[in-house]
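Here chain A shows up in two complexes: once beside chain B, once beside chain C.
Right, the complex of A and B next:
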């Protein structure tokens, strides 16, 4: 999926995360993570972000995540939402989830 | 005794903090809402959130329900595509007005179950009836599909449709409640009462739960964890009711042993419906944990 504009999802509430995705003028994915639990879970959160982007075929983009203690499933949901919002009318293929 | 559905707690679908802990408060069911509690701009976010939560979080056996947007809205179809794949126990259909609404949802769920390799009939349906037309059609709705396990009355939309407002004694929804109950009982499915919106009015809430139970509802939708315990208390048989029921069941057992036709207890005739009610009290007492049948005690 192509990132063509800024897409944002989530809130600053506890147990949530704000995810912002924007087009990358360079190639590849850049992840900027801010989290109160970064020391302990930073790698885990990064790998959830990377896997979620890969499943959505996102190859280029700048991802900023401000984590407020979100579970992995919340990070995944916020990344999916942000990507879809940043794409040009992209549709999520639910059948690929089967 | 079927499943307990005394309390179904609403959880806004775009609130991760509430979604992750929804099962710890002790309600019989939790209902993640994608409909009225989610703004139009956040429908996509809530759908992804509830989908991922259901796929990941262990709700420890608490019944999971998702209220989707209606199929007549721009969000309904995709809600079904996502949520059926996340396999909640039940999808709750809002603003159901005619049996065709249930049939359309049933057909769509069947199609998605088939595509996703989910055994047919895994995801059940319940229908919320929230308008005059829905109430008029409630029996047709209740028996529209074997997938439908419950119908619920949604009073806020209903009173608006009726050009009135809700009152504490609920006189304006008495006919609708009764109609929903009659339809559910005739169709052999559960009937669930509407929410009570003022969480600070405990007395008003308790009175309403007592009324709902007396009418015959299986349970009530709740909007705050504080409302769970009072409902469970009201729906739990008292010691007096349990003792009375045990005596009824013992009397019938004794009479059957003796082969006597007419049974009386304390000068009152005991007949079929009384025995059925006593059995139901004991079943409810067992599943709510206030009565333990002793080994070999086996009442009737």
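Right, the complex of A and C next:
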């Protein structure tokens, strides 16, 4: 999926995360992560973000995540929704989610 | 205390009673409700207002949480709400002007420091690389030279006075960078102001035009709700704007001189210029003040031009503006702008 505008999903309430995705003028994915559990789970959260983007075929974009202790499934859902909002009317096959 | 029973509720800014409630709450926190807010939300515990926040353009402002209710995640709820509202409005790059002591709270809410005037104000943005990207953008127009200068202008609209200042500054420089104030608080839209400067300065080869975007802060959008000493508002605004200029913009382009127009009338601009002469030389930037250009007994100014427009005498502006500006003023495109100037009386 191609990121063509700014897409955002989530909140900063406890156990949630807010995810913003925007087009990248350079190529590739750039992730800015800020997390209340950065020390414990920073790398895990980054890999969930990267995996989710890969599954959606997002190759370029700037991703900003402000995490307030969200579980992996929440982070994945927020990233997916932000990507859909940032792409141009792409279809998403929700059924394929495990 | 249960988290669930907090409700968020949009305040109707036409409803006097609701607005009074917000104002009284802010007053308890040493804040005011700025008159230009476009959207205000309240968080309630039952009937009791426990937090509020507002939006004006891309700025979040007038945010306060009841002391008794701090540490419950209400600020997160409130700022999330405001960010979503901004997103709906198409604003994704957001700013907060706040007291420096609130840094940690807003940092945790995803805001990053741009610049600070100690003990007075800090400007923050919700993008970790916002100003860095802006600097990268203007650096693309970096040109080498011995004497590199800058002017910052609103040009509402572009007059012979502005042209005079630019020509004089360009003569005394190898490269002159011109930053156009980008906030839409002027009668003439930013794109029009930019275009008129561009068209009117075509004969000059050593100037570079920039869109001032989000990092040139005009006094018109500088919020004042958190500043107690009202007489210091102008100074604090000037200090913040000049801090960004001297710490980010000037070093990026190697600027060593800033030209300003002399200000005989407006006390706000005069104060601004005075602060500039304190602030910029500290970082090795010289400030050069250029006297106004006169036509007969009139000092040429954009406000004079707008006054003639307001009075329906567009013809009379011909003596004060470059040909390109005059052509614009008499074009079809200018009609709605002229109508607007004639309809309302605001200063900018």
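As a convention for this text, the second predicted complex is superposed on the first by the 93 of 98 C-alpha atoms of A that agree within 3 Å, B and C clash if a C-alpha of one lies under 4 Å from a C-alpha of the other, contacts with A are read in each partner's own complex, and residues count from 1 in each chain.
The criterion applied here is as follows: a contact is a pair of C-beta atoms (placed from the backbone, for glycine too) under 8 Å apart; a residue touches a chain by one contact, two chains touch by 3 or more.
It should be emphasised that the depicted structure is a prediction, and the values quoted were computed from it without experimental measurement.
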item	value
Combined model on chain A where chain B meets chain C, clash or fit	fit
First, second, both or neither for A:77, with chain B first and chain C second	first
Per-residue contact with chain A, leading partner among chain C and chain B	B
Chain B versus chain C as contact partner of A:13, first or second or both or neither	both
Chain B versus chain C as contact partner of A:46, first or second or both or neither	neither
Chain B versus chain C as contact partner of A:66, first or second or both or neither	second
Overlay on shared chain A, then closest C-alpha pair between chain B and chain C (Å)	9
Doubly contacted residues of chain A, that is, touched by chain B and again by chain C	13-14
Residues on chain B engaged by chain A in the complex (per definition of touch)	15-17, 20, 44-45, 48-49, 51-53, 55-57, 78, 81-82, 85, 115-117
Residue numbers on chain A that touch chain B, as the complex places them	9-10, 13-16, 70-74, 76-78, 80-81, 84-85, 92, 94-95, 97-98
Chain A residues within the chain C interface of the complex	6, 8, 11-14, 18, 20, 22, 32, 34, 36, 64, 66, 68
Partner chain A, residues of chain C touching it in the complex	73, 76-77, 79-80, 83-84, 87, 92, 108-110, 127-129
